[in-house]
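See structure below.
Lettered A, B, C and D in written order, each chain numbered from 1.
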Amino acid sequence: MKKYSLAVLAAGILFVAALPHFGSDYLVGFFFSTFIFVTVAYGWNLISGYTGYLSFGQMSFFGLGAYALAIAVFRYHLPWPVGVLAGGLLAAILAVPLGWLMLRLRGPYFALGMLGFVQILSTVSSAWSSFTGGGEGIYLPPTASLRPLYYAAAAMVFLGIGVTRAIERSAFGLRLQAIREDELAAEAMGVETTRLKLQAFVIASVFPAIAGGLYAWRLSYIDPSSAFPGNYEIQSILMTILGGAGTILGPLVGGLTLSVLSEVIWARFAELHLLLVGSLIILVLLFMPEGMIPLVRRFLARRRGRVPKTGMQEVRR
Amino acid sequence: MSAEPILRVRNLVAFHGDVQALWDVSFEASPGELVVLLGGNGGGKTTTIRAISGMLRPAGGSVEFKGAPIHGVASRRIVELGIGHVPEGRALFPQMSVRENLLLGAYLPGPHRRRRENLEKVFSLFPVLKARHRQSAGTLSGGEQQMCAIGRGLMSEPSLLMLDEPSLGLAPILVEEIFRIIADIRKEGVTVLLVEQHVEQALEVADHAFILADGRTVGKGTGAELLANPEVRKAYLSV
Amino acid sequence: MGRNVRILLVAAVALLMVSGSAVAAEKKPILIGTSVSLSGSYAASAKYGLEGYQLFVEQLNKRGGLLGRPVKLVYYDDRSDANTGVQLYEKLITADKVDLIVGPYSSGVTSAVSTVAEKHKMAMIGPEAADAKIYMRGYKYNFQGQTQAGRYMLGALALAKAHGYKTMAMLAEDTAFPKAVSEEVVKVVPEYGVKIVFNQTYPKGAADFSALLTKVKQLNPDIVFANSYLPDGQGIIRQSREQGVDAKMFAVAVGAAEPEFGNLGSTANYIFGATQWAANMKTKGNPEFVKAYKAMFGRNPDYHSAANYGAMQVLDAAVKQVGSLDQNKIAAAISKTEMDTVYGHFKVDGRGVQVGYASALLQWQNGKQVVVWPAAVAQGKAILPTPPWSQRK
Amino acid sequence: MDFSIFLQLVVNGLLVGGVYGLMSLGINLVWGVMGVINLAHGDLIMAAGFLTFWIFTQWHVNPLLLLPAGMAMTFVVGMLSQRFLLGRLPQDRGAIKSSLLMTFGISYVVINLAQLLWGNEFQTVTYLAGSWTLGGLDFAKARTVAFLAAGVITTFLWLFLQYTNQGRAIRAVSQNRDGASVCGVDNGRIQIASFALGAGLAGAAGVLLVMIFAISPSMGSGYTIRSFAVTVIGGLGSFPGALCGAMILGLAEVFTGYMVSAQVANGVAFILFLVVLLVLPQGLSGMFRR
């Protein structure tokens, strides 16, 4: 089993590394966009999939990362990787007080509180025009080559898988899942919920921030509506639940599936894009609320004639 | 038992999610009787009552009311048939006035038509509720809340009233009051199914009682018989 | 059991989505690629632009195509989203291997995809990007095919000067194009003897302008400029009436040129609007263009149709001049092209900024748009001052 | 600030606040009864607005007469959504999450259908132009009429919930589901009715909104959040609280727009709502209840 997954990992790395050498720029661009979504999805998976706090506000970090990159490059003439990392760092720093405030809210209050925060950041970026360029935005020099961006995004995906895997197997991860299952009970059992939630929140903020920086550099133009794209939020959430929220590979599997579907939808059913995405959300929630990964896992277990392992996510139905 | 039983529960089985709560519960009540369900925590008393009132779907066994099967029937229909239920913890509507709480007891069309007379009846049974009918139920004292819950149960004109721990958390003097009220309700000809922690008082007034343990009926008898049974005294009366 | 059926159902929907994707590759024709905002906030205007492209391609093929080959327009929906536009141009150039490209709709999307064109060294005329800043970044393959934003309100300013109006309040949507219009107005007003007493922006999508207009009313300016699109332009004029803002002259940068502005009914009268093109303007080949457009699409073209058609005319001329699909030569040819299109006189400067196309001014009079400036194309005279709202029906 | 300007801003703020109040009632009701935030609320507002626009431009019907049509359309959408989609979700600990996502999916479908039916443009019904002047203050005609209509609908809703058997049952389910069950109230049916009623109220708000502002298919989420903000500011389940919250939001938007900038005014709903959420989790009504 272990050898098998190592082989898959090696093949994955090889494919990702080799792609720019045999694939067209378009294909590289497609995978770059997919990886950006998947990176955001990994952040969401940590706070919402594992910890159970449904966030509609990961785009606030995404936008922060995008603006950090744009301002670092445009105003301070820093190299773009510095701008991207600065965005990640800023997000982590902002996430501490923000999480401290927000994580006291539960259920829909937290979800919509985070959504409101995105709007506030978007308002700030449009009102503070002397620094952010306001609604007019910031024009950046064009990206010479997509490859470094592509590799950076791919690295974020691997980092997402690695971090998620490390967390799931740690005591930290178990406690997060305990919070998800029943926060009061976890607290009663002596789990320091406030600190743990905050840690998860901070880690989860770095992923969208870095994705936002890479995205802004690729776009070479940033304004409030492109820095805080609401549909990216939904795409990444849908990817995670499609693949399986609270699983290691869920965001990746869901992300690849949905990206391929979307690509086809754009090309062939332009006018029906939202309808199809919306219907897909509804169908997934009704018929496979756990996502693809647990389904596949159960299917494999059944074929081997084993009773499925009763993990956390299988109980939660 | 003399008459045909009004309620007959046979080999009832029920689950809470994946956890089996009832394995084999059987008992019956004749018209006009006061029947008590006894048993420790987790014995399945509340689950049994919820299964009868349609809030929980039984997985097996049967429930008959006035000779007709009612297991798996929706709770709305159960209330229509004449089974009232005063749930554990009272389940009042805290932000509504006492009067509104009572009127909701007469929600179904039949009782709704006679809601004024029924309201008068309940007010005569519980004068304190009449005095406080404008007050919101959440601001009542514990005893008053229990009276309000019982009053609401009576508003649906039940022929069988199930009371789940009506004296829970009440001062001894109020417990007396509750038992006096239960006696009054019986006088009206209503069959009463009672789940009670105050075993001694309950057995004193009970016609029949059944003992539940781990989701099974493990004993039965008249109130007096059980009161005299040394094992029962040891297990439930701590004497 | 039930679960398997459900999985099958989901899978079936997925397959349905995929099944349409088989794309037949055709080798022969010259492919011209573009992205169009078929959905999203720009969809309505962008559709007119697309039809302008389509009409030209149709006519070109009837004339025997380009360089002796038929021409085919390849386009995808960018959903009014800049990032999607970038991906689609990447796809057009590298996957579909189009031979030529033309610009998308809006300054925002054009700005983003201009970098793709530049990277792949593909000449691109952007007929729907009025923001000249896009072309001031030292690009060599991008050319502005739309009147630059700075010129939109010159006609209104000329009229204001002629009537001796002194004070102005200006509102603008906080996005690239309207702000560019405002900046230019601020720069040139001294020449017209006008002082700006109020100059504020509002965010994209704003609907309630009553607070801003209360402030404007207090300042009692002679002129109100709304550097706005259709919905916000309508909102500002309508709410000016509701709040009793009695300026002597109201002008809207874009919105008043749209026929739908007339939905305001009598409130639309006396309002001025910048317009880049009108069906009855005496530009070269305009009547034939309007006639052919109506025949093909069953509706009147708007200025987006004409601008995109004009871009195709320039591209066609450049390719014919070069005699091949060599992008370097085509870019060089476009930069030197000076020609009369249906949209007006096309000419770009060394950076690619449009310096030929100019703006005209219309006024709503009795529910109709009347071009009132410049004199060369005017259909009627401007009526000024605007009567106070309280005296109007 | 001039006093007459101050009064004018108050009038403007309150007139908008009336429509916000109507918008928020639907969110408040559905949330109270089911614990679900209907993220498609704003899109239903939008859809009813478009229906009104469409009928108005086709047949020049007085938009106020279209209130029943707008409400009926969204009522049916709401009923079907609850009956066949939301009502089928598993009722477990993840229920809040899946219902939020489900309403989001519905929202996308509604937006896309509106785009297909009515196009992508911004549209508005120009029904009443100009304003009435009273004591030196301008009362924009369309806004005043919308405000009054919102007031009438709100009053009817309040009477229904307060004094009818069904209205009481809805409130009962929102306060204690077990309690409602033992009274013979069918929780499932009440949930369908409440969701449909909430959607119907969104429809009413949409008919009134399109009379005063331009709307487009993609603008619904802004109104969902505004409605939610009003509900949070006023306090969940509190009728006077909701109306109070709506007026506060209307006034805050107008005054920030006047004194700061339109950009900040556009974000003031979120700022207010976050501040209230963090400082006064029960909303204004919670402050008075203590």
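Quick note on the criterion: a residue touches a chain if its C-beta (ideal position, glycine included) is under 8 Å from a C-beta of that chain, and two chains touch if they have at least 3 such contacts.
Quantities reported herein were computed from a predicted structural model and do not represent experimental measurements.
**Student:** Give the chains in contact with both subunit A and subunit B, ordered by label.
**Tutor:** D
**Student:** Could you tell me which chain's Cα centre is nearest to the average position of every protein Cα atom shown?
**Tutor:** Of all chains shown, the one whose C-alpha centre lies nearest the global C-alpha mean is D.
**Student:** In terms of CA centroid distance, which chain is the most far removed from subunit D?
**Tutor:** So the chain farthest away from subunit D turns out to be B.
**Student:** Based only on mean CA positions, could you tell me how far subunit A sits from subunit D in angstrom?
**Tutor:** 31
**Student:** If you average the Cα atoms of subunit C and of subunit D to get two centres, how far apart are those centres in Å?
**Tutor:** 35
**Student:** Using mean CA coordinates as chain centres, what's the gap between subunit B and subunit C in Å?
**Tutor:** 74
**Student:** Which whole number of Å gives the spacing of the CA centres of subunit B and subunit D?
**Tutor:** The answer is 42 Å.
**Student:** Touching two or more other chains, which residues of subunit A qualify?
**Tutor:** 123, 126, 134-135, 271, 273-274, 279-280, 286, in rising order.
**Student:** On subunit D, where are the residues touching two or more other chains?
**Tutor:** Counting only residues that touch two or more other chains, subunit D contributes 115, 261, 263, 266.
**Student:** Are the chains arranged, by touching, as a line, ring, star, complete graph, or other?
**Tutor:** other
**Student:** Mind listing each pair of touching chains for me?
**Tutor:** Chains touch in the following pairs: A-C, A-D, B-D, C-D.
**Student:** Can you check the complex and tell me which residues of subunit D touch subunit A?
**Tutor:** My answer: residues 31, 35-37, 85, 88-90, 92-94, 96-98, 100-102, 104-109, 111-113, 115-116, 221, 225, 228-229, 232, 261, 263-264, 266-267, 269-271, 273-274, 277-278, 281.
**Student:** Which stretch or stretches of subunit A touch subunit D in the complex?
**Tutor:** Within the complex, subunit A contacts subunit D at residues 48, 52, 54, 101, 104-105, 107-109, 111-113, 115-117, 119-120, 122-124, 126-127, 134-135, 181-182, 230, 234, 237, 241, 271-275, 277-282, 285-286, 289, 316-317.
**Student:** Which subunit D residues qualify as touching subunit C in the complex?
**Tutor:** 2, 5, 8-9, 12, 16, 57, 115, 119-122, 124, 126, 129-131, 133, 138, 140-143, 213-216, 218-219, 222, 253-258, 261-263, 265-266
**Student:** Subunit C touches which residues of subunit A in the complex?
**Tutor:** For this pair, the touching residues of subunit A are 24-27, 29-30, 33, 123, 126, 129, 134-137, 139, 141-144, 215, 218-221, 223-226, 229, 231, 257, 260-261, 264-271, 273-274, 276, 279-280, 283-284, 286-288, 295.
**Student:** Subunit D touches which residues of subunit B in the complex?
**Tutor:** For subunit B paired with subunit D, touching residues are 53-55, 74-76, 78-80, 84-87, 90-96, 100, 103-105, 107-108, 112, 152-153, 156.
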